[in-house]
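Presented sequentially are two complexes of chain A, the first with chain B as partner and the second with chain C.
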Partner chain A sequence: MPATAWDETRAQAIIDAHKATDGAALPVLHALQAAFGFIADRAIEMVADTLNLSRAEVHGVVSFYHDFRRAPAGAHVLKLCRSEACQAVGADKLAAEVRGALNVDWHETTADGRITLEPVFCLGLCSCAPSAMFDGRPIGRADAKGLTALAQEKPMSGKA
Partner chain B sequence: MGLVQETDYGTPAATATEMVTLTIDGAAVTVPAGTSIMRAAMDSGVAIPKLCATDSLNAFGSCRLCLVEIAGRNGTPASCTTPVAAGMQVSTQTPTLKKLRRGVMELYISDHPLDCLTCAANGDCELQDMAGAVGLRDVRYGFEGENHLTAPKDISNPYFDFDPSKCIVCSRCVRACEETQGTFALTIQGRGFESKVAPGMGEFLKSECVSCGACVQACPTATLIEKSVVETGQPEHSVVTTCAYCGVGCAFKAEMRGNEVVRMVPYKDGKANHGHSCVKGRFAWGYATHKDRITKPMIRAKITDPWREVSWDEAIAHTASEFLRIQKTYGKGAIGGITSSRCTNEETYLVQKLVRAVFGNNNVDTCARVCHSPTGYGLKTTFGTSAGTQDFDSVDEADVIVVIGANPTDGHPVFAARMKKRLREGARLIVIDPRRIDLVRTPHVEADYHLPLLPGTNVAMANALAHVIVTEGLVNETFVRERCDWDEFQSWAAFVAQAHNSPEAVAGMTGVPAENIRKAARLYATGGNGAIYYGLGVTEHSQGTTMVMCMANLAMATGNIGRRGVGVNPLRGQNNVQGSCDMGSFPHEFSGYRHVSDAATRTMFESLWGVALESEPGLRIPNMFDAAVDGSFKGLYVQGEDMVQSDPETAHVVAGMSALECLVVQDLFLNETAKFAHVFLPGSSFLEKDGTFTNAERRISRVRKVMPPLAGKADWETTLAIAKAMGFAMHYSHPSEIMDEIATATPTFAGVSYKKLDELGSVQWPCNDKAEAGTPIMHIDGFVRGKGKFVITEYVPTDERTSARFPLLLTTGRILSQYNVGAQTRRTQNVVWHEEDRLEIHPFDAESRGVREGDLVKVQSRAGATSLRARITDRVAPGVVYTTFHHPDTQINVVTTDYSDWATNCPEYKVTAVQVLLSNGPSEWQERYREMSEANTRIATPAAE
Partner chain C sequence: MSARIFIPLDSAAVALGADDVAQAMAREALARGIALTITRTGSHGMHWLEPLVEVETPTGRTAYGPVKAADVPGLFDAKFLGGGKHGLSVGRVDDHPFIKPQTRLTFARCGRIDPLSIADYRAAGGLKGLAQALKLGPDAILAAVTASGLRGRGGAGFPTGIKWKTVKDAKAGQKYVVCNADEGDSGTFSDRMIMEGDPLAVIEGMVIAGIATGATKGFIYIRSEYPIAVGIMTRAIQHAREARLLGASVMDSPHAFDMEVRVGAGAYVCGEETSLLESLEGRRGQVRAKPPLPAHHGLFGKPTAVNNVISLASVPAILANGADTYKSLGTGRSLGTIPIQLAGNVKHAGLYEAPFGMTLGQIVMDIGGGTASGRPVRAVQVGGPLGAYFPPNLFDTPFDYEAFSAKDGLIGHAGVVVFDDTVDMLRQARFAMEFCAIESCGKCTPCRIGSVRGQEVIDRILKGIEVDAQIALLEDLCSTMKLGSLCALGGFVPYPVLSALTHFPEDFRARPRSLADVA
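After this line comes the complex of A and B, so read on.
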């Protein structure tokens, strides 16, 4: 489901739907991020309140996992693998090129709000390194030209 | 005199009875099974290097400094997380370990500022100690790499700083906040190199932190450190003493530089607090040297005159001559005294002795009149002792905790932390309170049942709980037959079984669904050890005493009395309110709760003091006000008490005080009552005198002088001087001699002496030949009075009713950061958390009155009106409003009424019918009082010499 604007009533419904699960914090946070694309400050308070945890505890969990975002991402998310196998075949150079082409650093979003660039540690695609992921779609043998082109394409409607 | 040193064993003590023998560095050691190797080593005098371990917290195993080698086992396990085993051979010092530890320290120090010489923790830093212990000499990694040295400080908390550049991320603070305090306000944010201690998403002051100080205490570096240490430097000596705030009675080390307090640190051996503290005791002691302290005696002819500073001699002589004059003119009974629940046992004993032996009447009372007098009366009637039945440690074995009319997380925070720990271990919780107090739902704690009854319906609720227990066959008949009067029980059982006491019958008047009452009753009766904890929400009612007896009935009927984990436990408000009652502060009782009409006791005191004593009880506090207004009571000596702010129906209190010819106030500050005084005698804080306080668990603890009295006299010396000036010499050169007299004259204190208190730390009365080390749990083999007495407790609604004119019920309480009338806490940085009293009102009631958050509202009762700001919250039910009583600007007692407990005159603070309306300024009373207050507190500028 595509991310929608923050809606407190809907957020509470999502939290309530998962609150009875054992160790509910992570399933709840995943569901919130899936719905809204990020974990709002208010969401942390609501999760804490519903699960009877402290806000600090929920903040600790959210901040531990890089995949939980604290602000909405751009329209698309491009992840570049930073681990050893990819580095061995030029991932560092690739990363520098992509950052330069998009004019963003890690975890940043392009000025037009189109692309958020993130590092990732191993996508399990070591055999066709360097690897990347674009909106959840894995990409093998990535190069700067292809990735930049992809990043500049029109939004792909209907694709997650 | 140096610092009191406490041994840190690294991990908590094991509780197993089975013993295990192992060898550590070749020496045999025997410890309980489950003990960590680290603790066993410390037991045998071997200190294994450590950073993340401390014995107040469970082992964590993160710092990797406490590694050891064990014969026959691979690797180098952490000694904190590895339990001992029989025959284990442990080495704590080997070349391998040495290398590993140095390597670990090297990594820590590579990301630590090397500013030890200018660091506030210099000399009190475990990181520094460990660098020394492992012989760190250089850091091969250099200091150029990525680091945390420029991480910004968080100085938002008024009492301590957080400097993450010095943090080693050992998690001790996070664990202390969770395990010791149970607030969970801290976390480790991020992961890997980004890991950082964080108070949630923002800064400390705006976080969930309650500023208890447990994190600061746990921090092994200067990362979390008291601002007072940053400002003053490290202390050079310390003295163990007792906190002067609430009835928990925490033991603290006053850490000093000369006569200056550097910090107050909770004392691990303190039997009430076991090394824990709250924001008041730990940090809010600055009032003791506040510029508002009055340090010169003052007198004036009329209360509208400016005060004139005089010598002690002149002030005392004036007091004595005035009292003697009044007695000569109006009779012996025209004067009296009020003892203080803030002062020591010894001082309190002296004031009542002054009244009985020197004034020659029994016109002595104490502020317990307005708080826990029903506890004394109710528990004495049913069990035979005017005090709670348990020690605090008992809560560790409670299975069902019932909290009635108390707000422990705010009023008794250190005990609440203990209670929450037990609740996290799985004990069940029932809260009976009109307001949704924090305990009802707070991280990791949730009440099974919250019965939010309407103020004034306690007895109906308790009778309904009893009804369920009796009619559903949940009575512990074996216990009742063996321990209680069976005939009285049967009458009581027949009474509570009547239909009008059923949950269904009281549901309407209490506002609580019958089903929840039934379930709560079943849980208390069948859930294992059931322990009742209660506060002023029980006692401050027209049926306060009845409700105390109701709870005693419930405990007896279910057999929840006479062992650990059970009992009926008053959470007493003030540091020494138990003690002031024990010492004979009531007009009808000598020390040890013996009636003044009891000829044997009276004769004993007559021969001890060498004077004839009155056999008729004297005036209670409210009677004193009445008699003053009537003109028959003319002189009053008040030690450390502020009736004008704390007693109900302020207008009447003010009328009474204004009618006196000689009001003598002895206090730290020119309090509200002093505005009506003719003599002001400067008091001394708990830091300035020796003595003892008795806490809510009957524990007598030493108060030790750490600085000379600012005004030159400790409070007890002032009372001696008045007695002497009135022609009665009392010969004491030290408070220990007063305690010796108390012990001689009071059977329950017979075994108490300063020598014993120094040896044992503290003792719980009764302490005598039968219980030389004191009595933690009462009524173990039988009730003190013989058979436990069931009393029939018919519910009689208070006369204070809501009406069309006054449709809401006002109830009052306290907040964590402030303490009672606020004389102390308002003069500390605690005001950042609570700068004014606010009126809590439900959104429905607010909306129908057009009241928005923060609006000024007028609270009007039939007694009076005051204005304060509104806070809109669903903590209170519709129809109920709530406020605190910490600020004289609000003076909420202008609104409270003269209704009081039928047995003890304890005022009905907790139920006042009021109307709340938007207001555009202070009430007429507030305006008039402010003018009068300013006029009556002028101090004359001394003439040039």
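After this line comes the complex of A and C, so read on.
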């Protein structure tokens, strides 16, 4: 997810591209986050102005959904599933090991800025649990060794 | 002549290395000077064998799995392109003991066809339901769907035909069909599998729903945790539009219907239909009080049929084969087939479509093969994070909406998550409350506050503080949440909590422990 630096002209173009859509807020916010990596304060003002909403309403939407960030993430995002099907095959232990190895807690980014660790409640990979997602790439039967290796150096290909 | 192989593009197969296998196959074929066509398909649902590679031979398709990229040269050496024997040989998928006994109606094509080929879809029986629907017209479609006994597969089990009739009878200039693909329940993945493996069946079901209800616009709301499904559905809609299955004149009929994909943003509660509608309208996904029903006052205030992915994907086969064929399957008031999803600590994890009525024990032990760890099964959670935990002494319960309800459980979206005897059921009860606290939309007090108080009460039980008093408090709290919550999130979280307490009381009175003991 290569995000670029904040650019107000580009942000306005993104908002304008979606503004005629019915119920435009989520598509606009997704597009802004895809472009810039997070939803800046200024972006909330601009979305509110263009969609004729109050800033409070837009802030309310951004803060409601787990996906939207108010600050940039690390270079890569590692999501670990915390749900029951994964718990049944050791997800809690796996999460503790990964948090220990990366020296971060949930929602934190490693000191070198490489990895942001996030919990997720179900990736639909319950039949090959425990599951994870690395920058949008699904990983089944995840183990701590594979995940921490992935976190240290992103390989060109290959299962974690 | 070029050899042809099939490799799943299903998220579960990809999570286990299917993309790497496909690359390795292409590379190896090139190095050996063999012309090879690789078709990416959905998954057959035998996920313990993924990535499962099938080869087209003169006598049909034969399978190998689970294949790793490193196995690829060896498969070529064993002449697998001619069906040669190899340590990973699975044989014909149709003859496999996991596949052969299934009744695949909704998943008939999943794993077999190129999901984005309309020609493949048509050749495998697709579009027959829509052609029949166009012949029948709205009233006869409603009659057929109602007669089939189809009930909402999202979990609530409301009769689909009655919901559609309510929308049809509502007077409005604009009506909508909304497909709920916010499949957030742990242990469920049937929506994801059909969207990835047979997206045109979902589209066909939505078009039929549009014709039946008079809706001309549809939305499919897919959770953001499913990026592969989002991509495939988006492309399938484009293909369907080009083939005039969508647009101003569906299959050259006077009916107009078009649809688009909308992506969620990570909120479990948006699987609740009114919360989903709020989200589609661009707001916080907070639950609406009912009535008014979405069928009367739904998306943007217009009459809206909100249906689960599997409900919609089941409709084409019902119209193609007739309502009587569908309702001849199943038991009691649970008619037709249900795609059961086996997950967690189970040997044969995957998707198994069968008529309602099998017992839970048959599902877990005979089909699932018991635990993957080889230890005894201790608990099975059915129906997602809001479903009850069943002990093995309830394994005689038939898979049927009413039978599960009679045992204080629910089948929900038909996810079955197996736990072995290392599970701590007090921790599972605590997780149910924690999950509810994290995912509560915050609109009603029993859910928003009750879930936090529930965690605190369970934490005191964990530490062994006034256990009897805390258990009484927990039961009282569950009663308040059950009766007082606006939607199923707060209203159903007592199912996992109370079932853990009822069936596994020993875990609530075990030695004091901290959460860190197990984690």
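As a working rule, the second predicted complex is superposed on the first by the 152 of 160 C-alpha atoms of A that agree within 3 Å, B and C clash if a C-alpha of one lies under 4 Å from a C-alpha of the other, contacts with A are read in each partner's own complex, and residues count from 1 in each chain.
In this section, a residue touches a chain if its C-beta (ideal position, glycine included) is under 8 Å from a C-beta of that chain, and two chains touch if they have at least 3 such contacts.
Quick caveat, the model's predicted, so the values are computed rather than measured.
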Quick check for you: in the superposed arrangement, does A:His30 touch first (chain B), second (chain C), both or neither? second
Thinking of the overlay built on chain A, is A:Gln87 touched by chain B (first), by chain C (second), by both, or by neither? second
Which holds for A:Asn52: it touches chain B only (first), chain C only (second), both, or neither? first
Between chain B and chain C, more residues of chain A are touched by C
Please indicate which partner A:Pro138 is in contact with in the superposed arrangement: first for chain B, second for chain C, both, or neither. second
Applying the document's definition of touch, where does A:Glu8 land relative to chain B and chain C: first, second, both, or neither? neither
Quick one: is A:Cys126 in contact with chain B, with chain C, with both, or with neither? Answer first, second, both or neither. second
Tell me the contact category for A:Asp67 with respect to chain B and chain C: first, second, both or neither. second
Could you say whether A:Asp16 touches chain B, chain C, both of them, or neither, answering first, second, both or neither? neither
Counting only touches as set out at the top, which of chain B and chain C does A:Asp41 meet: first, second, both, neither? first
Jot down the residues of chain A that show up as touching in both complexes, chain B in one and chain C in the other. 57, 60, 64, 66
Mind listing the chain A positions that touch chain B in their complex? 41, 44, 48, 52-57, 59-60, 63-64, 66
Residues of chain B touching chain A in their complex? 183-191, 198-201, 207-208, 441-446
Listed in rising order, chain A residues that touch chain C in their complex are 22-27, 29-30, 51, 57, 60-61, 64-68, 83-89, 92-93, 95-96, 120-129, 131, 133, 136-141, 157-159
Can you tell me which positions in chain C touch chain A when the two form their complex? 11-12, 14-17, 19-20, 23, 47-48, 50, 68-69, 183-189, 191-192, 224-228, 262-268, 279-286, 300, 341-345, 349-351, 372-373, 381, 385, 415, 417-420, 423, 428, 431, 435, 438-439, 441, 518-519
